[in-house]
Amino acid sequence: MLRTEKEQAEIIKEISGVNTKKCMKCGKCSASCPAYDEMDIRPHQFVSYVQNGDINALLESKSIWKCLSCFACVERCPRDVKPARLIEAVRLMVIRQRGGNYLTPNEVPELLDEELPQQLLASAFRKYSK
Amino acid sequence: MQVENNKEFRPKIVAFCCNWCSYAGADLAGSSRLAYPADVKIIRVPCSCRVNPMFILRAFQKGADGVIMCGCHPGDCHYTSGNYYARRRMTLLFSMLDYLGVENGRTRVEWVSAAEGVKFSTTMNEFVAKIHSLGENVRLEDLRCKN
Amino acid sequence: MYKIEKSRLSELFAAIAAQEDLFLPIKKCDQANYGLWTEEAEVDLDTLKTVKSPKDCFFPQSETLYKCKNEDGKLAIDPAKLQDKPFVVFGMRACDVQAVKVLDNVFLNDPVDSYYAARREHGILVAMACHEPEETCFCKVFGIDAANPAADVATWMVGEDLYWKALTEKGEALTKLVENLLTDADEAAVEKEKKQIQAIIEKLPFSHLDLSVFENSELMELFDSPKWEEMYKPCLACGTCTFVCPTCQCYDIKDFNTGSGVQRYRCWDSCMYSDFTMMAHGNMRTSQMQRFRQRFMHKLKYYPDNNDGMYSCVGCGRCVSKCPASLNIVKVIKKMGGEA
Amino acid sequence: MQELVKRAKELLADGTVVRVLGWKQGDLGYNPEPAYFNSEEELKDFVYDGFCGANLSKYMIEACKMEGNTLVFLKPCDTYSFNQLIKEHRVKREKAYIIGVGCKGTLDIDKVKNAGIKGIESISQDGDTLKLKTIYGEKEFPFNDALLERCTVCKGKTHQVYDELIGAAEGEEAGPVGNRFEMVEKLEAMSPKERFEFWQGELSKCIRCNACRNACPACSCLKCVFDSNQFDTAQKANVDTFEEQMFHIIRAFHVAGRCTDCGECSRVCPQGIPLHLLNRKFIKDINEFYGEYQAGEDTDSRAPLTNYTFEDVEPGIVVERGQK
Amino acid sequence: MQRIGVFVCHCGSNIAATVDVARVVEAAAKEPGVVHAEDYQYMCSEAGQLKIREAIKEKNLTGIVVCSCSPRMHENTFRQAAERAGINPYMVEIANIREHCSWIHKDMEEATEKAVILARAAIAKVTLNAPLQAGTSKVVKRALVIGGGIAGIQTALDIADAGYEVDIVEKTPSIGGRMSQLDKTFPTLDCSACILTPKMVEASAHEKITIYTYSEVEKVSGFVGDFTVDIRKKARSVDMSKCTGCGVCQEKCPSKKAPSEFNRGLNTRSAIYTPFAQAIPNVPVIDRENCIKFKTGKCGVCSKVCQAGAIDYDQQDEIVTQNYGAIVVATGFDTIKLDEYDEYSYSTSPDVITSLELERIMNAAGPTKGHLERMSDHKAPKSMVFIQCVGSRCADRRGKSYCSKICCMYTAKHAMLIRDKYPDVEVTVFYIDVRTPGKNFDEFYRRAVEEYGVNYIKGQVGKVSEKGDKLLVQGVDLIDNKRILMETDMVVLATAIEPNKDVRKIATMLTASIDTNNFLTESHAKLRPVESPTAGIFLSGVCQGPKDIPETVAQAGAAAVKVVGLLAKDHLVTNPCVAKSNELFCNGCSSCEKVCPYGAISYEEKEVNDHGIRETRRVAVVNSALCQGCGACTVACPSGAMDLQGFSNRQILAEVDAICK
């Protein structure tokens, strides 16, 4: 069950479908990110961390919970790298290791708030469930 | 017995290569010493659009086990549009052969530029391996050419 | 006269095939054609006319004459083996049997065609009377009796039995070979069948065509008739009529490059084809009208003139049913003045 | 039919045409032949019924070389062939006066005969039933059961080119018809081995009579490649190995994108080989790969094989599709 | 019967180390038709060639096969050797036993076996070879240049200076192109107009140069040495022979609302206009879509004020047909559309502009007379942000995958000029990489940073949004890994460039090949960079790939030399391996004509004698000067009437047979 970081990096690439080699390190993902300041590891760094196999740092980072899943980085990336997918993949890996959802579908209606955009809820559900 | 037969099997493979891209790609594979099996024999044509379906059928009739056609990448044809016509012709021909029950791995088209010596070599290695797995061509051979 | 139950025919075929190659009508992909009998083959004796005639058994559509090879700069020739074993052709109709005689006149007269002669020598013809002649049949016009086929063995299918009668020495020999399967029979049932067949033939629409115009007219008069011009136009110049015809005997000789040598083969040719009799200088028959005329003049005039009045049409009617343009020799006979 | 004859006579009389190309009564109930009529007198033998299956467009190639104009009767599906021939400069539109004739479907006498009806003396039609007088008594046969395969998947009753219509209306729809690709799809679903056996069985019957080629309006070559020495491909050899298939593959390939699916090849094959299944495979592939295309619908579009787009599928699709 | 000689080359040890040359000779000698076979160390050497020539003479050879390296290397060498020995050069075939055999196989047995088969295939082919005669075609001593920018002008001048007639076709009312829109040029900060206009004047005054402005190429036929081109001269509505260029009509024109193309729509112009003051020719055109006279039938002011009586409302488009020996494409570029880049607010804020718009703003003849100001409120900016790589190096559908090459340098130029002229303006450049290969280029960029204090930040901008009358730029500094939120007055986008939209149409007319980005393809990326693969078509400027002015001018000169080299010949030798139709087999069906990329096939009604049948048939005729020998027609032809000389059906089949033996 214990995997090396390198193996984990491969799994993350596979889950996310991201080819990290396509990144040209322009930083537009980070520049576009609304949660940038909250993050310890920034979206553009996610790409290079995965590329370099520094997965433990990512698993422990708070960035994965700070990402809003707004996909601005995916939309604007000129090289079609999709950093948000990587973040999501790392998050999934953490959730799977812990085993258990933070959120179940039944809990969703209670959280509904007229003020909140639907997208946010969908994002939250993505984030906090397997 | 079966195994031994397969070991003996030396497929006959005809490769039609266009003069401007793929033949040059094969030359580059050669000068880069990128090996591929000697079963592949190349016929030079000016353009992939010169390859008549009749040539391919004839090769099978005379006992070829596989036929591959290589041309410039779509958009790069020396004659502007030749490979586009070739692409349609070969698509339809291959589909028809498949429909007649001929193993569809016996025919292949690959676009190889003059700079792609590596691609030429890997393509040929792959294709020869494929033909090895398919074995001898019996469905399209003219028995008169057997002896 | 012998008989055998219809249900035991497969035993009969197996017995013959155990000794000799047996060719008979076999149904494959919905069509009956003569083929080599095997246990799996679907024998079809009910179809009156096979698509191709049994001509193939004596004069195959394509046969290799010899092979030659370049062996270290020297030419090595390997001639094809002549037929040297007996074989049986079963189920031939009276017209098809007559057609073999037409071919004999061509191939067995000097110069003798050794390939054909060998097959004729070894071939045993087992004919079968036509139980239900069809509207396209007109063998009667050529004096052929579909009820009494004149082969080595004649057979009649009556009810649930096949009646068997050897007519020649070859036929006797074959009978001996399968004697243990046959039982003695009297001729009454067969005589009745014959009468019935003859009665039907009388009623067929083409049975009374009149050929006298071909006997009484000068060759050039027929040749120059303006009617050819009127008749040929629908002809598509395909070779269907000639390839289904049991008497067409024209062939071409060609070479096939096998890569390692050359096979010289001969194959049926068709006078309907534009390159028929093509020579270096060109072709003497340049129009389809001429080619069309050639076929029918040959069948109805040239051949009979050279063969004591024997026509080289046997009225099998295959061309009548197979011509894509519905042209046929009957229409020609009628047009030339042979309306019954 | 009388209306056709009447109109033909008028057009001959007023000099619009000098000859009529139609069908002539045969000597059996089911074998009318394509024929030229040069005078009013000759038109007495004119016939038009379900057995007039021949596609007269092919004859127009020769007719267009003759002096004067020709009146030709074309069934809806024949007009596709005519258009295609115009496109290929094989006929001249101005040399033809086209009467589009209505079509209720064309018949295959072999279907009747295969049902055991022998000795047919005459045939008449009564509503949906064919009444057959035979030597062996009176017989009946449902009209629809005698239809040629092509008519069970009729591509429409609309004439693509004509000068006038008789017995047909503009934009007429065909009744409910089957899916013409049904058998092709069935074959595609088979394993390669099954397909190979199917075709081996069918094609080995071929006698190389060339009826399919010579009846085909798309096979309009003055000199077929199989008749010339261009490819050293003998036309006359009949060997049950690859040579037969070579002929049929190349023939189908040469008419790919030009074949209107008129079905003449299968109609005329003396051995009943379903040759249309080869052409339809190409038609189906062309439709799927390059967009719907019906040859003969117009006279100026580029045929699929003389055309391309940058995004065309790669030949590898054949393998990919096979893996699904 | 052919008498064939086979010559097997050792190529030193290149071939002989893996192929048993002696066995190849032995096997070849046994092939039908072969009367001579030998091997030699280096067949391509003078001694080797001598062996070939001697054998041809001694053995009366009719054809030869050389088993050696790729025909791409030495086919011509051996053809010439054959010709010197008196046989037709096209009676030579090469069996490639080096690149395709000895170099890729290790096993001697295997390689030798393959070499024998390759030799056999070549022998089988040469047996069917027929002598071919290369034809000649004439050369029309006149060149056409499509596009009147700096690339076109320079090419035309160089060709004209060599003494040949040149026509320039320019789509807009004046020559000058993009360069005329620029203010200063890097890296020397020359005034663009100062260096361009003299060239424009020189071109217009050159006796060998004819300029067609407000004109487009309509149709091209023909082939290298003799192209026939239809040029559409669009109706100018002004008689060029009468107009004095006084400009009164433009002043008086009441319709002044049309956006100025020259100023990138930053201001407007009159309906009758010359794009800019130094336009050549200095003759206005009436833009009929905006002209009141053309829209309503009333007005006619320009006609009334024109002293010369040059206004002609009835003028029609005119087609000029001219023949040319060579054609140069110099169609240039445009900037890409930014409609889909919402994140930069280009469509919504007038203060977000492209660099080319900035050029006009900085230009003294531009919409602001050279004052740097915001387009929204005409206030002078206090700070400016430049964003690099907008649409360049993009893998998505919005942008271009390539680097536009010029942006880094012109941005440095802009930044430097602004800091120089307006030292109080803060200038920030967001970049991904700064790419400055070129003489004095990096020094130039460093000066912008070091001497002029331009603030370069590594990191692409994520978003530009409007905040009051300011623009809020959101980005990151990748070096410091810090969020940057910056308020600024103007944002300048270094927009990707792309080939002019019309180039696809022109490439199709010329059958010149084009790549997926619509840049014209060169014949060889390294060795023939200014020639299109289509003979007689040459490339100049950005239509071939992104480049700056000095590179463009250099390429223009190179293209001109190639053109001059072509025009200096009286005749061209044509490739004899062309298609040929057998009229006896031809159906006249037009299939071949449809697939011919060169328009080389035409049809004629011809009386033929087909084995005694005489009739008039529609038959295909190949113009052997036009045909390039691709063979597309041979496969389209169902009857096999069309065949390719040198690669005939029978020749290729013979090779197939020999290989499958």
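Observations, loosely collected:
Each chain gets a letter, A, B, C, D and E, in the order it is written, and its residues are counted from 1.
Please note the rule applied: a contact is a pair of C-beta atoms (placed from the backbone, for glycine too) under 8 Å apart; a residue touches a chain by one contact, two chains touch by 3 or more.
All values reported here derive from a predicted model rather than from experimental measurement.
Considering every other chain in turn, the ones in contact with both subunit B and subunit C prove to be D, E.
When chain centres are set by their Cα atoms, the one at the greatest distance from subunit C is A.
Closest to the middle of the protein, by Cα centroid, lies chain B.
When the interfaces D-E and C-E are ranked by how many C-beta pairs touch across them, D-E comes first. Annotation: 49 Å between the Cα-based centres of subunit D and subunit E. Distance from the subunit C centre to the subunit E centre is 70 Å, each centre being the mean of its Cα atoms. Subunit B and subunit D, compared by their mean Cα positions, are separated by 36 Å.
One simple way to say how far apart two chains are is to compare their mean CA positions; for subunit A and subunit E this gives 45 Å.
The set of subunit C residues that touch two or more partner chains comprises 256-257, 259-260. Within subunit E, residues 595, 636, 649, 653, 657, 660-661 each touch two or more of the remaining chains. For subunit D, residues touching at least two other chains, in rising order: 223, 225, 231-232, 239, 305-307. Screening every pair of chains for touch gives A-E, B-C, B-D, B-E, C-D, C-E, D-E. On the side of subunit C, the complex with subunit E involves touching residues 70, 72-73, 257, 259-260, 282-283, 286-287. Here subunit B touches subunit D in the complex through residues 53-54, 57-58, 60-61, 74-75, 81, 84-85, 87-105, 107-109, 139-144, going by the rule given at the top. The residues of subunit E lying in touch with subunit A in their complex are 343, 389, 393-396, 399, 432, 458-463, 474-476, 478, 481, 483-484. Residues of subunit B touching subunit E in their complex: 12, 14, 19, 23-24, 26-27, 29-31, 33-36, 38, 41-47, 49-55, 58-59, 62-64, 75-82, 85, 89, 121, 145. Listing the residues of subunit B that touch subunit C in their complex gives 62-63, 142, 144-145, 147.
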